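Next come two complexes, and both contain subunit A; in the first it sits with subunit B, in the second with subunit C.
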Partner chain A sequence: MELVLADIEVVYGSRARRNHAVRGVTLHVRRGETLAVVGESGSGKTTIAKVAAGLQRATSGTISWRPSGEDRAEAGTGQRVQMVFQHPVQSLDPSWRIRRSIAEPLRHLGVGEEEADRRAREIVAQVGLAEEILDRYPRQVSGGQAQRVAIARAVVSDPEVVILDEPTASLDQTVRGRILALLADLQKRTGVGYLMITHDISSVRRLATHIAVMYRGLVVESGPAAAVLADPVHPYTQALISAVPIADPRVPWDGVIDLPRDADGFLVITSCPVPGPCAEHGPGLHEIGPHHHAACTAADSPQKAGTP
Partner chain B sequence: MTTPLLSVRGLSIGTDAGVELVRDLDLEVGPGEVVGIVGESGSGKTMTALSLLGLLPSGVAVTGGEASLDGVRFLDGPRMLRRPNASMIFQNPTAALNPTARIGAQIDRLLRFLDRSAGRGSDRRARRSRAVELLRSVGISNPENVLGRFPHQLSGGMNQRVMIAMAISLRPSLLIADEPTTGLDVTVQAQILQLIRTTVAEHGIGVLFVSHDMGVIAQMCQRVAVMLHGDLREFAGVDDVFHRPRDPYTRELLAAAGDVRPAEGVTDGARAR
Partner chain C sequence: MAIVDTASGFRITLTSRFRAGNKTAIAAMGVLVLLLLLGLVVPLVAGSSNVAQQYPSLLSPSLRHPFGTDHYGRDVFLRCMAGARVDILLGLAVAASALVLGSLIGSVSATFGGATDAVIMRLTDVFLAFPGVVLALVIAASLGKDPWYAAIAVVIAFIPLLVRLTRSKALEVRAADYIAAARLSGARPRQIAFQHVLPNSFKYPFVQSTLVASWAILDFAALSFLGVGVQPPHAEWGAMIADGVGDNLLGAWWPSFFPGLMILLTAAAFQVIGDWLDRRLQ
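Moving on to the complex of A and B:
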């Protein structure tokens, strides 16, 4: 099954103080694939994750499931969407043993206690933890272990899609690498689809098959991960990628962001060769390569917007 | 290497309960040099930084070793002999500033303190124009406006600029930066890193730069100390650390930071399903 979010709009606040957090976003999350939604504070990426998880009502737009070529012969028995949060320890009930946290989604599905316990033990092994951890409380495990527990809880009910909200942001770098490897391994085995919300480009490089770049509530560029990373077209995508310090002292990196900021601290897209109020409403997404889209009118012409 | 600006010899830090947090650490920073300390949670990197300014939390103390700045010893085991001429910037700038005072009042207080300790007269209006000048020097284009704001009304990146301005106003010979861009958006991080680079180069300040991010370390530092569980595992030039790492743990850190393209078996298998 494919999770389709179509034309999602989210407006927070009262009429007097409206915050248009998401302004008409369409995303597809397919089984076996990872869609990374990248962007900075205020881009709307966390809001779209909440909408996909059913934790936030969209002001308008639709969320639906569509059959896809990757479907399993048997439909999944579980809830279709699960979520993994940024702060693993806080995302677990402190008064529950790990066993109960992991088995909880199964209990909601009416799975018997014995069967739930068997599946909990099985999934704990799959996420690389020893069975003893089932008897511990969240405060008795490390951040990396807690995130493995949260992942186990998310996949135990065999969901179609797992939403990963900054899944490695609060973890050390070596732990981060292992968690990303675990997520990739689980995807390979179960075919689960991921919607990953992140600002960490190196996580994107490791896990994403597709990328959607969000800027002030809009998707400004989307496409296959390799194409977007290697050949970013939109000035904001270019700024985002070039801002990441390269982990090699021999590769010069000047960290210069040519774009100014407005009073709210948002980068203002000015380096577009085509003048116009592009940043406010965008020219709409244009296809600029195979499945690669950018909200950039100049991208239609053979000369791309900006220089690499 | 010429005479180091900062020299740390045999530094050990422990808790009152006898837990060793840092063991026998040797470290140095040359004049105008940026030296990184990289490691994970619990490596002792932040404790090392805090110990140099006498800022260790209660229940934690220096248990041995010594440190000198500009050739003058300031730390001798648990005793802080004098205040070193060093400033520090922190990971969460919004929390490091006083939440109840406007930026202008916080900078004014610092400038008044500086004038008093230099034994010179202090004029309110002169301080105001110095504050404006300071903020402008860290790339704040509307200093008058920022001086009237409270920290919570400014972004994290803007508050870190304010912290850097205040740190520099002390004319330190050493700047200690503890994860100064962790938690900031990447484009903001890039601008703050660039600001630190130009500021320290302009003033010839040595920097001890604590980070867990190998990308930041690679681009900011000339030498790098790698710490694990309180031990110094490697201390070498940045090119050696990244291209000829001697310690297995350094290699592990580099592997974790490496950008592995998704094509390498990760998504292919999933697609083939």
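Moving on to the complex of A and C:
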């Protein structure tokens, strides 16, 4: 099955002071693939994750499931969407032992206690944890272990899609890599689809098959990860990617990202060759390459946006 | 600080402070249990002798009268023990009643929100605008001179505190990621309320209620001191202090000192237990 979010709008506030958190966003999350939604804080990516999970209502738009070529015979038996949160310890009930937290989705599916316990033991082994961890409380495990537990809980009921909300943001650098490798391994084995919300481009490089770049509630560029990362078209995507430090001692880097920002704290796109026309709603996404879309009027021009 | 490896391989960090806290809490529980047992047993054995004016007045503490006698010739020890039953049981009853009612109203406020929440919170604000003991005094005085009315007044005075605490904790827990995870796991609203929200928000008002028990004893003593709590000749620590204040001028410190000491010990014991519970439940 394929999760389709079509033309999603989320508006906060009263009529007098409306804040468009998400504006007409359409996303497809397919089994076996990872769609990374990237953007800075306030771009609407967490809101779209909550809408996809059903934790927040969209003001307008539709969320549906569409059959895809990767469907399994037993699809639809479990919870279709699960989520891995940014702060792993806070996503586990502090008064429950980990065994109970992992088994919770199974119990709500009507799985018996013994079977749920067997599957909980099986899944902790799959995420690289010792069985003893099942008897601990969340406060008794490290951040990395807690995130593995959260991942185990998310996949134990065999969902179609797992939403990863900044899954490595609260972890130290050494643990990040292992968690990303674990997620990739689980996807390979189970075929689960990921909707990854992140502002960490290095995580995107490792896990994403597709990317949607969000800016002020709009998707300004989307497409296969390789194409978007190698040949970003929209000036905002270019700014985001250029802000990532390069792990090369020959490239000078003072550790400071000092890009201009407006009064709302958003990045100001200074490299746009045709400023003005897309200030409000943008020109809308249009295809600029195979499955590669960008909301940029300059994208079709011989001289691409942002290129000298 | 010591690190202990258990059989399961799980490492527990024990601090000397935590161990010291355990010992203090056990001592505090011991004080409360001892006072309560004495309060239950001594009046049974001594009958109504705590109100009988059968000894010479203002005898200083001795082996025969460990806490001396008051100016009516009553044994202060027997009266302190009779007062222990009243004050400790009353402190526990007030704490339990305020906890149940406060948690219930706070949960309703957090769950329903909107107009219900607004009305409950504004009423709470009105009650919290007055110092607890003044509020209890006004309520007790308007209800009449009866220990039960005084107890009801103290309960009413403490309910707003627990309503506020329960509501704020319930709102905090409801917004937690593990509640969102439970919803995604297929938990129904009732399961979320009883399995996640209640256990995680109830522990804070529960800890607070042990402190309420100590404050209730102090407030009840104050009400009795002011004449709206337990009425003479029945024994109650606050009323005994009120009775004994004048004797201080005659150099007899014991009729007011020992009930004061009982209040201090009991209130401190409840506070220590509250602190210990707070650490344990964290």
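Heads up, the rule we're going with is that the second predicted complex is superposed on the first by the 293 of 308 C-alpha atoms of A that agree within 3 Å, B and C clash if a C-alpha of one lies under 4 Å from a C-alpha of the other, contacts with A are read in each partner's own complex, and residues count from 1 in each chain.
In this section, a contact is a pair of C-beta atoms (placed from the backbone, for glycine too) under 8 Å apart; a residue touches a chain by one contact, two chains touch by 3 or more.
As the structure is a computational prediction, the values presented were derived from the model and not from experiment.
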Assess the superposed three-chain arrangement around subunit A: do subunit B and subunit C clash, or do they fit? fit
Have a look at where A:Ser157 lands relative to subunit B and subunit C in the superposition and call it first, second, both or neither. second
Should A:Gly54 be classified as contacting the first partner (subunit B), the second (subunit C), both, or neither? second
More residues of subunit A are touched by which chain, subunit B or subunit C? B
First (subunit B), second (subunit C), both or neither: which does A:Glu104 touch? second
Tell me the angle subtended at the Cα centre of subunit A by the Cα centres of subunit B and subunit C, rounded to the nearest 10 °. 70
Examine A:Arg136 and indicate which partner it touches, taking first as subunit B and second as subunit C; both and neither are also allowed. second
For A:Gln79, is the partner it touches subunit B (first), subunit C (second), both, or none of the two (neither)? second
Partner chain(s) touched by A:Ala6 [first = subunit B, second = subunit C, both, neither]: neither
Partner chain(s) touched by A:His87 [first = subunit B, second = subunit C, both, neither]: second
Quick check on the superposed pair: does A:Ile63 touch subunit B, subunit C, both, or neither? Answer first, second, both or neither. neither
Please work out how little space separates the C-alpha atoms of subunit B and subunit C at their nearest point after superposition, in whole Å. 5
Quick one: in the complex, what on subunit A touches subunit C? 53-55, 79, 81-83, 85, 87, 90-95, 101, 104-105, 108-109, 130, 132, 135-136, 140, 150, 153, 157
Subunit B touches which residues of subunit A in the complex? 31-34, 40-41, 70, 143, 172-177, 184, 187-188, 191, 199, 201-202, 205-209, 225-226, 239-240, 242-250, 253-257, 259, 265, 267
What residues on subunit C touch subunit A, complex-wise? 8-10, 176-178, 180-187, 191, 196, 199-200
For the subunit B and subunit A complex, residues of the former touching the latter: 40-41, 155, 157-158, 185-191, 193-194, 197, 212-220, 238-239, 242-243, 252-263, 266-267, 269-271, 273
